[in-house]
Amino acid sequence: MDAMALTAEQVQSLIARGPFHQWLGLKVLRVGDGEINIRATWREEWVVNPDRRYTHGGILAALVDLTADWALVSKTGRGVPTIDMRIDYHRAAMPGDLTARGKLVKWGSQYAVSEAQVFDKDDVLVASGRGVYFTASPKA
Amino acid sequence: MDAMALTAEQVQSLIARGPFHQWLGLKVLRVGDGEINIRATWREEWVVNPDRRYTHGGILAALVDLTADWALVSKTGRGVPTIDMRIDYHRAAMPGDLTARGKLVKWGSQYAVSEAQVFDKDDVLVASGRGVYFTASPKA
Amino acid sequence: MDAMALTAEQVQSLIARGPFHQWLGLKVLRVGDGEINIRATWREEWVVNPDRRYTHGGILAALVDLTADWALVSKTGRGVPTIDMRIDYHRAAMPGDLTARGKLVKWGSQYAVSEAQVFDKDDVLVASGRGVYFTASPKA
Amino acid sequence: MDAMALTAEQVQSLIARGPFHQWLGLKVLRVGDGEINIRATWREEWVVNPDRRYTHGGILAALVDLTADWALVSKTGRGVPTIDMRIDYHRAAMPGDLTARGKLVKWGSQYAVSEAQVFDKDDVLVASGRGVYFTASPKA
């Protein structure tokens, strides 16, 4: 199942099937071997604090999780279940689209470790983290 | 700043100020000393897989983060910045409202550790996790 | 493989086979269904800071990892590989034996989540954390 | 407190004060700005499984923790308290010295995020992880 040559357009189609992914306005920018870049389109509902207007950490957590997950798509051909996820918050994310870069850390046929970084519109790192993903084939 | 007697209604007002909290349809069910119970109202946009219809892990991550954070409100009087967060996914969360229970693990005047569990509409545990929160007073 | 009735003595024998476990002076105090209590015997080499004399966080991490792992022994019958582990440090652990209590969070035939707390000689919580463990049978 | 020009020898002296560090046979190989490379000297007591002879995950956790911590020494001038730590295990670490490379992820005057990778004697990645460290000055 290694090294599928899925294009960014093909991965975009897979991702866009999910209503939550649509709500996040996800745009697949690039797909590589164990790598992916995804942009998310800012929306007012992301805001946690109406005065200071930064984005809720849950949005950043969702981006780390899904970007690390889809960084595996060149090997999995699909999104796979997350076993666990950890995120560090580095700076408040102010209004504006966010870009996430995902990268495989260690592949395994049972589970894989993958990481992602989230950048704000000025390309400043706002959050980063890792997940463990369940890569075994679903039971027939 | 310990043991403020904030009621569930008062905490509901604080939480409802956030657009993302509104989108999640958060309802504060109970506030205790270092404890909180919150319900989130299911919506179609939570779905990640249109065939199997379970909720995206990012929604569960947001619930763990915010519930663990607001479990501290009896000491902080406000939502505080998350330093880092970790979540374990236990089962697919099928459509339906989710209930999250948060509980302080260890208070500190610089940072605190707090945890949360998320249950589905049948009260089955679907995810749980922990965060470290920055509790020092904001600089004047 | 569920509900093996392994006694504390039997688990002690399994654990004592490991040289690192011997070095930690591990003593199995109690084994339950998805639970274990283990004591570790303080030694001078645990100290990180010769002036303030507290125990190195790596010792606490080892205790969280192994205690959460062996909390599964009623289901696994053996120690199993750790997939990942996370630990929160709550207080400096001063010289003295440490006691760790482990507890299954969620069992699965592929992987399980388990947690542990570490207490100092005065029964004060000094660290706690969680791991994900690989529970699938080793390939024949 | 930025950009102290501590040499590897000076950091070695600081690290070697800790009995646990001595037991791990730590050797500071290189110190850079927000970076450090450290070697640990294998010893029989590291073994968890007397048949398969791999190193206990607690040793790897200690190495991730301390290496990520001391990667900050160019800014802190000392080892600082760990707030929390997370480690992913990638492969069994067989007998032989281990080398760990630490790198600052995000500096802050209250807390910092730092990461480390651990390699076996053949330079294969066996574990990696991250910690959050308390960088505020100790109270006078």
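When the chains are written out, they are named A, B, C and D in that same order, and each has its own residue count from 1.
What we mean here is this: contacts are C-beta pairs under 8 Å (C-beta built on N, C-alpha and C of every residue); 3 or more make two chains touch, one makes a residue touch a chain.
These numbers were taken from a predicted model, which means no experiment stands behind them.
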Comparison of B-C and A-B by number of C-beta pairs in contact, larger one: A-B
Duplicate of the A-D contact set - from A-C, B-C or C-D, the pair where over half of the pairs recur: B-C
Whole-Å gap separating subunit B and subunit D, where each centre is the average of the chain's CA atoms: 33
Mean-CA-position distance for subunit C and subunit B (Å): 29
Centroid spacing, where centroids are CA-atom means, of subunit A and subunit B in whole angstrom: 21
Junction residues of subunit A, two or more chains touched: 83-84, 86, 88, 113, 132
Sites on subunit A touched by subunit B in the complex: 17-23, 44-50, 55-59, 61-63, 65-66, 79, 81-89, 92
Touch list for subunit B against partner subunit C, complex: 86, 88, 90, 105-106, 113, 125, 128, 130, 132
In the complex, subunit B residues that touch subunit D: 83-84, 86, 110-111, 113, 132, 134, 136
